[in-house]
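Next come two complexes built around chain A: one with chain B, the other with chain C.
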Partner chain A sequence: MSSLDAMDMTRGITTDTAVAPLASDESVPSGRHWLWRLARYPALTGGLVIFIVLGLLAAFGPLVWKGDTSSVNLLSSLLPPSLAHPMGTDEFGRDVLARFLIGARISLLVGLAVSGFGALIGGAIGVVAGGLDGWRQGVIMRMMDAVLAFPPLILAMSVTVALGVGIVTGSIGVLVGSVPWYARVVRSEVVRLRNTPFVEASKALGASRRRIYLHHIVPGVLPTLVIQAAAAFGYSILALAALGFVGLGAQIPTPEWGAMISDGLQYTLTGQWWIDVFPGLGLLLAATSANLIADGLRNMLDPRGVYARV
Partner chain B sequence: MYLRSRKLRNGLSLVAVGALGLGSLLASVLSTPAAASARTATGQLVVDLAGGSGTVDPAQACGFYDVAMTGQFYARLTQYGATSGPDGTTQFAPNNIVPWLAKSWTVSPNGRTYTFHLVPGAKFANGDPLNAAAVVYSLERSINTGGCGQYFVLDGITSPELVQKITAPDSTTVVINLSQADGDFPQDLAQPGASIVDPKVVQEHGGVVPNKVNTWMESHIAGGSGPYVLQNYVPGESATLVANPNYFGQAPPVKTILVKFISDDATLLLRARSGEADVTLGMSPESVHSLVGNPGTKVIADPNTISLQIMIPDNHSPESNVDFRAALSYALPYSQILQKLGYGYGQLFYGPYPPLLAPAYDAALEKPRTFDLAKAKHLLSESGVKLPVAVSLITDGSVPLEQQLATVVKSYWAEIGVNVTIKTLTDANFETTINTNPKPYQMGITEDGPGVIDAGYYLGYDMLCTSAFNAGGICVPGADAIYYKARSALTEAQRIADYHAIIPLWTADSPKIPVYAIDALTVLNSSVKQYFYAEETEMWKWGY
Partner chain C sequence: MIRFATGKIASSLVTVLGASIIAFIVMRVLPGSPVRLIVGALASQAEVNNTQRALGLDQSVPVQYWDYISNFVRGDWGFSYSVGEPVRSLLATRFPASLELGCCAFLFAFGGAIVLAILSLTSAWVERFVRSFAFLGLGTPVFWLALILLVVFSQSLHLLPGPEGRLSLNVQPPPKITGFYTIDSLVTGRFGTLWNAIEHLILPALCLAFAPFSFLVRLLRSNLLDVTREPFMAVARSKGVSRSLVILRHGLPNAFLPTLTASALVFAELLAGSVLVETVFDWPGVGALVVQSLENKDYVVMQTFILLSAIVYVTVNLIVDLLYGAIDPRIRLARGTPP
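Presenting the complex of A and B:
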């Protein structure tokens, strides 16, 4: 066994050997084992169930329910929910369920893309900054602070207006505002990990900087990054919906949930509640599932949290 | 009972909050006649306007809300007569101009000299004499300031200017010399742009600088010659009008009017429904329609010169192709659009004049275009335009009806091979774009109509090939020459005949698509018994 392999085993001291021994069936990952573990985190389970249902609706819903999302049929406008139109029709006679399902695709895909790319870019900046010392780290983090000084939604609106309104530019606007959050959290985690005994031991044994980062630092920050991304997923969806609501995100006739709520708002008080209530419910479920997943992951992955076995 | 269970306590708390919220909501949406009755007793009328006034200077007031506010504070030489309106109300008669500050007037045989005789002894609210000198000063001020007031007073005739000279031979006589006969001139003097201001007050606050805005006048009243004076004004928020104690005419039925500027349609609807507002102007058609049958409110729809229209400037291809333009006009379901988007509040027509511009408008000559996709496709094939063709359509993002029409247009024109890309602009950007020459946009949707109810005034900015205000980029071959002939006609009959001669030329050219003339919608609280509709809003004729 090499000294580095020994060091890898030593790394386990902070987690596995510092806690009460696990039952033997928990020590070896298996399908039943992971399902059993999942069941111990009801919030995470609930969030995943909702997310999977929404994902299935987004992926397969438009293939099953082939309502027309864009053709106008004024004679069928503002019809209430019925068997023919389970979510009713909007002011142009378009089927709200069909638009809801396409909207689900847009919202979930954008949420995943923005939180994913945000984690990637912000995480990279955080790792780099955390590995630097002195003024260089300060410069990077002050740049992040400068972006954080802007209210996120205002920043997203400004970027969108500058680049031209639309879903893509709106997503970029939301992404720009989210990067510094990742950078700050990851940078803090990197600084903490750099000072842990196992990293210092690796250094003492002559491990290269690259090995230390790839084998210790990055794996160490991943749980934090994943939790942050899960929470940001919900925010991303809501932020894009907010941009769509004010007319800066999805443009007509794209069926994005925020834009649908904006279009339907004027009809809520006049009795045609279905136009914006269903997309609103969609947003509520998507954001709630993201928050539940983030909370659940935090509980599962954070060894210092409620469910820690120390 | 102490609730040991935190979950149960939280649950009950939520239920209590929900009940409170629901109760408040119900209270706000149910009609509350008590509020309206209280205002009746104190003689106050609450008016909600769906937009703010940017200025109360008659020389600068342009938009609907600017004009709506300004007109209450200043008298003019003339005013619109009245005719009966819907549901027990009265409305203005565009073709019946009656005396106001001028108790009578005469016109010279050549139609170029108007002599007005003023009401003797009239005063401004501050006690200054409201005489011929003030009239001369005020009209010259509007002309020289160079704002919208100038265009109204000159009836859009600027080369040479319609008004050549204004004199006051005595304190109650005003003589106005025109560069040409203009049968519409008395109506121009009924516009808020021709308001009579106190020269002394204006001179004390910046005076008149040619082509420069007097910033003091934007939020203050110069003397006040009209039925109301401005007691309190918060731009964009509210204005309080009180009856002018020195008003020379009949005192208004209501002593105080509180005007609230509310841009949110939902708020307008809730306030109208609950009785917090007595008169509501500018609510959306869907909100107005939801109040039909609502106890405590009454919906009044009056004809209007504003029409929803699709502009098709002819300085691009394929828009310069007549058959292409005509094809587009046959590919829209106008009746469905009026019924479903406009809730029936409007009138269909196809021609240069909306129905309110009768007698220039002729129902037989301006029959609405039919929805005929087969005809549209046939015209497209004759046009030689290669399909599919992509066009861009700009809309004003602040006008929901335009957004809705754009969606309908995109869907229906796709069926004839015209693929529309909708570009939503901000209000300021939209105005700049449509007023830029040459036109930088391919097609656009707008709501527009003349402030002066006259065909000549309308064509002067909407149709003339050389007009800087021709937002639609229209140029109908042969029409301009007839227009000039009509404007200098000595008799009304000749003028109308000339306007009718323009119609077939215009419709053959299909220069733009008037979708429908939009009715002016007012929601009245049931306590309001007197209501007079006029395009420039005459609140001094409203009351309980």
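Presenting the complex of A and C:
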């Protein structure tokens, strides 16, 4: 690495969570578990803890707390939180906690799916585009720019409308809007990597193009991709909830958090706050923990990198 | 500068063209049968065929695309079946409401970001608080925030009005000069109406502004930190300029410039957020119109809206890029910028 890069690394980095020295093996005394390294990143640890708790709730919650989420029981409608119903009941008498837990499953799974597939597809496009030269690269990136011309939520809404409303189509809509971000970020990484000395050396040694890509470029792109996926995870949870809120994502009676908030809108404003507050808190916790993890990963893996906002 | 500008304008046009193709694919080509959406599931096959011919949907795809584009450019944006008005006049009526809300939110976001970014330079506690607060802003669902604010400020504390729209039910809108209730009532001397309009603007604008504010305050803070480490700041201090003057006169203008480019992103956030916020607050703007027409399965509005929002977004980006190039010579003279 050139001396300029070394200077860049030692200069102060203005990221927002606590700045720690670049993670290197010397920070963990030999014999200590690598998890100890997490202690230097309190925000990341906090985010991980919240996320794991939510994940456990989503995975095992519905098995432990068996509430009826679909049938109507008007005798117990709109009950405030109590021991029997820790989050109260909604207008149909359904237990809000039970719906909350299933909503957690939906949100987390969709977030994972959208960011996972987005990273895969966007990353592939980015690697291909970064590997091409001249006008071919330009064409691909122009296509990405065209998709980026739409505010992401608006694009997601129209794709969902076009394909027919539902969670799956809503996820596809959010996915389509997020792919160009990955492509841009990965492409610039690939271009940077292609010009590094070690790739040049590999080429000089006669390595095939395939080997260079598989052994150098793709592993080099992975940290960037992971960080971008973590950032997109929080965004996709909120985006799907927004789609559910306007009636385009999950449909009745699916207990998706955004749809739950929209259902409870009229009741919240007349005093039955529990129907909306809890799903919203769930969204807040899920998205914030994802953002904390993304920030922490960025500090740990690549503090200098430039990331797309999503 | 001319060369820089033409390059930017050309690439914006290409982007808009690409966006129009995508909008066309999404809204016309993808749905199984857009005609079915219009005539309904119970219509006879003859009706479907007639409507198809009337809408030009039995033409080949390139011809359809050409019709779509030429209609759009001419201003023929279709007819909204659920509302009973041409889309163009519908959008024109509702646009000022959204614009007023957007401008107010923009002011809140930028103003709040500047104030809090400067404040966070003062003490470590303030800095940590601002940082955490802004971080929460990125993860809060905007429609939920709207509800919480309504419950707290309108229901419990009775400080601000509820989701009634732009004015209380018993207040008449001022005569239309700009379409902005605040400016119009100020100019015509209706101060009661002015106050009422402001009261109704506060909560929705705050909700809309929260996410852009969070983003901007982090950006501004990080830029300010960078700038305060620059040598010229130390020189100014050593010449005797007070700490606050140094930050205000030297630090802030330099730190502010990168946030200019961020304002394009802020604009996109405002566009998307307005769809959600207007629904909660019953605000008679374009966003609420889109949601209402979607509920009524009236997709004509959506068709126009996505293409329009793409064009406006690209235009805002272009203006910001040109402004940035005009202000900072390093931008417009950079050679070989990556595609």
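Keep in mind that, in the parts below, the second predicted complex is superposed on the first by the 270 of 310 C-alpha atoms of A that agree within 3 Å, B and C clash if a C-alpha of one lies under 4 Å from a C-alpha of the other, contacts with A are read in each partner's own complex, and residues count from 1 in each chain.
Just so it is clear, a residue touches a chain if its C-beta (ideal position, glycine included) is under 8 Å from a C-beta of that chain, and two chains touch if they have at least 3 such contacts.
Just so it is clear, the structure is predicted and the values come from calculations on it, not from any experiment.
In the superposed model, A:N291 makes contact with chain C only, not with chain B.
Of the two partner chains placed by the overlay, chain B and chain C both lie in contact with A:G247. Of the two partner chains, both chain B and chain C are touched by A:L265. Within the superposed three-chain model, A:L83 lies out of touch with both chain B and chain C [touch as defined at top].
Of the two partner chains, chain C is the only one that A:A149 touches; chain B does not reach it. Note on chain A: of its two partners chain C and chain B, the one contacting more of its residues is C.
In the superposition on chain A, A:V64 makes contact with neither chain B nor chain C.
Touched by chain B in one complex and by chain C in the other are residues 247, 265, 268-269, 271 of chain A.
The touching residues of chain C, counted against chain A in their complex, run 11, 14-19, 21-23, 26-27, 30-32, 131, 135-136, 138-144, 147-148, 150-151, 155, 162-163, 215, 218, 221-222, 225-226, 229, 265, 268-269, 271-272, 275-276, 279-280, 290-291, 294-295, 299, 302, 305-306, 309-310, 313-314, 338-339. Across the complex, chain A meets chain C through its residues 12, 14-16, 137-138, 141-143, 145-147, 149-155, 157-159, 161-164, 188, 191, 234, 238, 241-242, 245-248, 258, 261-262, 265, 268-269, 271, 273, 276-277, 279-280, 283-284, 286-288, 290-292, 309.
Those residues of chain B that touch chain A in the complex are listed here as 29, 265-266, 269-270, 284, 286-287, 289-290, 333, 336-337, 339-341, 397, 400, 403-404, 406-408, 410-412, 422, 424.
Those residues of chain A lying in contact with chain B across their complex are 70-72, 74-75, 77-78, 91-92, 165, 247, 251-253, 265-271.
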